[in-house]
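Take a look at this one; I'll ask things after.
Letters A, B, C and D mark the chains as written, and numbering starts fresh at 1 in each.
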Amino acid sequence: MSIDAQSVLNETFVLNLGPQHPATHGVLRIKLTMDGEYIMDADPVIGYGHRMHEKMGENRTYAKFLPNTGRMDYVAALFNGHGYVGAVERLAGLVVPERAEYIRVITSELNRISSHLLWVGAFLVDLGGFTPLLYCFDDREQILDLLESVTGARLTFCYYRFGGVSNDIDDDFVAGTRKFIASLRSRMPMYDAFVTKNIIFRKRVEGLGAISAETCRKYGATGPVIRGSGVAYDVRKAEPYSVYSKFNFDVPVYTQCDCMARYLVRIAEMGESMRIIEQALDTLPAGPVMAEKVPRTLKPAKGDCYFNVESARGSFGVRVVSDGSENAYRLKLRSPCFSNMSLFRECSRGMLLPDALALLGSLDLVIPDIDR
Amino acid sequence: MITYIKEIVCGVYTLFVGMWITFIHMFRRRVTLNYPRQSLKMTPRYRGHIDLKRDEATGQPKCIVCMACQRACPSGCIKLDGAKAEGAPRKALTSYTLDFTTCSLCGLCVESCNFDALKFSKEYNLASMNKDDYRMDLLKRVLEKK
Amino acid sequence: MKTIPLKAKFNEIAVCVEAAPLVLETAHATKGIDLDVTVPAGRVVEAARIMDEAQFMIEAITGVDWMADKQLEIVYDFTHVDSGERVAIRARVPRDTPELPTISDIYPGANWHERETHDFFGIIFTGHPELIPLLLPEDARFHPLRKDFKA
Amino acid sequence: MSRDMIMDIVRLVLYVACLVGFAAFNAAYLSLLERKLPSWMQLRRGPTEVGPWGLLQPVADGLKLLSKQILIPQGADVLLFRLAPVMVAVPGILCLVTIPFSETIAARNFNLGLLMIFSFGAINVFAVMLGGWASNNKYSSIAAARVVAQNIAYEIPLLLVVISLVMSMHTFNLHTIVDQQAGGFWHWNILALKVSPMMPIAFLIYFTCMLAETNRAPFDMVEAESELVAGAFTEYSGMGFGLFFIAEYVNIIVGSCVGTILFLGGWDSPFGFLPGLHWFLLKMYALSFAVIWVRWSFPRTQFYGLLNLSWKILIPLALVNLVLTAIMLKLF
């Protein structure tokens, strides 16, 4: 459905999509140069929710930055926490007890499922179908209940600590998680019939919004976006952090490069996450959940390091530069949404407005994560 | 021609399946609560705003004014002060205020407390038109609460 | 290992300290990167081209303000999508005249990362198509991540 | 003037007043159904606070809309901007004039009733287009362009299906059309396989076109809240928006009435006894229910998907149906 930009008369107008628009999921503004309903140029204007988390990271001690991590990608807050504590632990040479790593994996994967469920719903809302959102919320609510019972919060978890996690999980949580997995498994055929197979949905997203693997590489797009383009890049496999190397799971890859592929990747990932959680629950070791001798104020030695986690949206990286003091000298937060968003301009050129919004939806953007 | 008809038939079938799914959901259990007439009880670990714990033997707060929570707070919303009375073995709390407007409910203060003097309140219906309602005098709360 | 053949290429362009090029193999487990290269600021484009030829993906561009050294450091992070290996390319520019060439024509994704770094540090990427504030307000003339900026 | 004529006028005025009341009442309670039904489908509760089970919610909504200021955007064409909501609401109500609700309840028994409904129905498109254009809003302008293309595409299969029926029934008179279907559900046009074996499909085509003509999901390209904010209605506030809202439901009612009359035998009882108003209302509300049900089950179609559906599927099928009807009429 693309048209050659040169072939049309130069009768364009500028459409200001956002900062408040139902399809932008937050304060994202896109300056669209349109020819009729065709997009000639899309210039995302970001930064409305910019809070300078990186400066905050320099101004406060390592531990005091922990609550900030949940406020960037608030839909999948645990990954940000994981990336941050992982980087600091790597820099400070802290060894995390195995049980804590298992708990991190379990809670992270639960968070991944909840994030993907929310995405499925929100994507369908972008496409004009409202009901799947509520079904997804119904399932997601159970995850939030589980995570609330262990972390104490429903969205901004702030659960991981340097050297472990703040609370141990109990049997109720384990039983609840198993029950939830069983219930979500039984719901998946419903989603399949209701959304995936739906002819309107398929006609809308199949072949739409092609992003080639090369584009992903050039723009640094990661997560389901690159896996929907046929590249099996998953940080959990490529550089196994935490205890992911102990689990048996696949990286779902679809080669169609379209919105449907990205959708299918996320659906398949939920299944893989459930597999990981089940394995982790089966082999959950006993022991402490906090490393011993973690100093109250952490002062890592001079140096820098990089730590990457596979967030629900892609590769979330943290670079910590320490000068030996109790504050980080520099804290770089590499957010997956930032890179995923940056390819929108190139890929949306020549698309119709609703198609471009479907593409925008399929990138799974959390605007505060872009703006940081 | 056959694929054309087949596509139409399959497509229409998926639409009917979709309608059937929404139809049967009409007879499922409602998952929402009729808030505010019904509301949920918070889980034991729910991180509400903080509250001081009371020493049941003396009726006084357990806090020993070590200031750890004030130091741990990322947003600087805890202010406490203590004074040592004549002959008392240790400092006693004279004021403890929580500025809930800047609190981010991270719970680092509770974790930093080595004397089990802080807990999370399970209150969550905290809405007010007045900002001053959120400058909470926790000392007063703990002494008043029976 | 994808990084071994790269090492030779980087040896040619890297900054030398006492005749030894600053191309360090680092342990992934402790540093998070496999190859740590420091190049002169003028040669980041060559370095980016090497990365591009080796099919690396751009991950991030980080600025660091070394105020004591009167220098700004720019770190380019690259990842290989198959092997997961990481290469960090560092360059330093003087703090008063922070200029280095853009790599956004090699990696279009660097466009935003460079704009972001320009916002925060005031580093000028010469040849960049639209070096205007991205995350900061349009009229921002300050660079908040410089160490002498007081929030 | 003769006494009969005066009586006739009085009767008509009374009837129109009743119809306006009927339309307003239906619009109000369909809007409540539009909120209640999806809430049940989505495991929610819907409005519960105003009145018992939220039954007074439409009243509250109406009062709220009435109390709002009607804002006119800068640069808007004031006359057209104000006229469009009226133009969209009136034809819908006028269409109801010809609808025979039962053997005896009908405002006017026109011989060309069916034609009148379709011609008034077309004004709706015009009004939405004008409203969207007059708003001086880019989203509204896009919606205005969409509504025209969409309705032109869907008028054709709609009329093709209706023509095949008119061919077999030899009349445009709605009353006669119902009379010809009397005597049990096997006489209804939806199952009139001896008229054309494709009649059930023709009904589906009619239903689809009705959704598209009333701009209902999954063909709500005009409103398209996730793309065009609120499409043609973006700039409307207060009762200006309210009238568009009412018109939407009145159009659903009209569409359902026509569907009931054309395909489901009007007031005819499915088992051949006790025909009357209650059967008509039952069928009509069942169709309206289905319209709302469809809206909350599917995502929105894409614009080219919509046109593809019309030109590649519905129009060929409707044509085949027309040809089949002609052949069957000739043969039997």
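The working rule: contacts are C-beta pairs under 8 Å (C-beta built on N, C-alpha and C of every residue); 3 or more make two chains touch, one makes a residue touch a chain.
What you see is a predicted model, and the numbers here were worked out from it, not measured in a lab.
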| item | value |
| --- | --- |
| Leading chain pair when contacts are tallied as C-beta pairs | A-C |
| Relative to chain B, chain with the most remote C-alpha centre | D |
| Distance from chain D to chain C - Cα centre to Cα centre, in angstrom | 62 |
| Centre distance in Å when chain A and chain D are each reduced to the mean of their C-alpha atoms | 43 |
| Inter-chain centre distance, chain A versus chain B - centres from mean C-alpha coordinates, in Å | 25 |
| Chain A, residues touching no fewer than two other chains | 131, 135, 138, 198, 200 |
| Chain B: positions in contact with at least two other chains | 12, 15, 18, 21-22, 25, 31 |
| Where chain D touches two or more other chains at once, by residue number | 41-44, 296-298 |
| All chain pairs that touch each other | A-B, A-C, A-D, B-D |
| Residue numbers on chain D that touch chain B, as the complex places them | 37, 40-45, 48, 204, 293-294, 296-298, 313 |
| Contacting residues of chain C [partner chain A, same complex] | 28-33, 55-60, 62, 64-65, 75, 77, 79, 81-84, 86, 88, 107-109, 111-113, 116, 120, 133-137, 144-145, 151 |
| Contacting residues of chain A [partner chain D, same complex] | 1, 13, 15, 21-23, 36-37, 124-131, 134-135, 138, 198, 200-201, 203-204, 352-355, 357 |
| Complex contacts: residues of chain D adjacent to chain A | 38, 41-44, 138-139, 142, 145, 217-218, 220, 224-229, 296-305 |
| Contact set on chain B toward chain A in their complex | 10-12, 14-15, 17-18, 21-22, 25, 31, 43-47, 72-74, 104-108, 111-112, 120 |
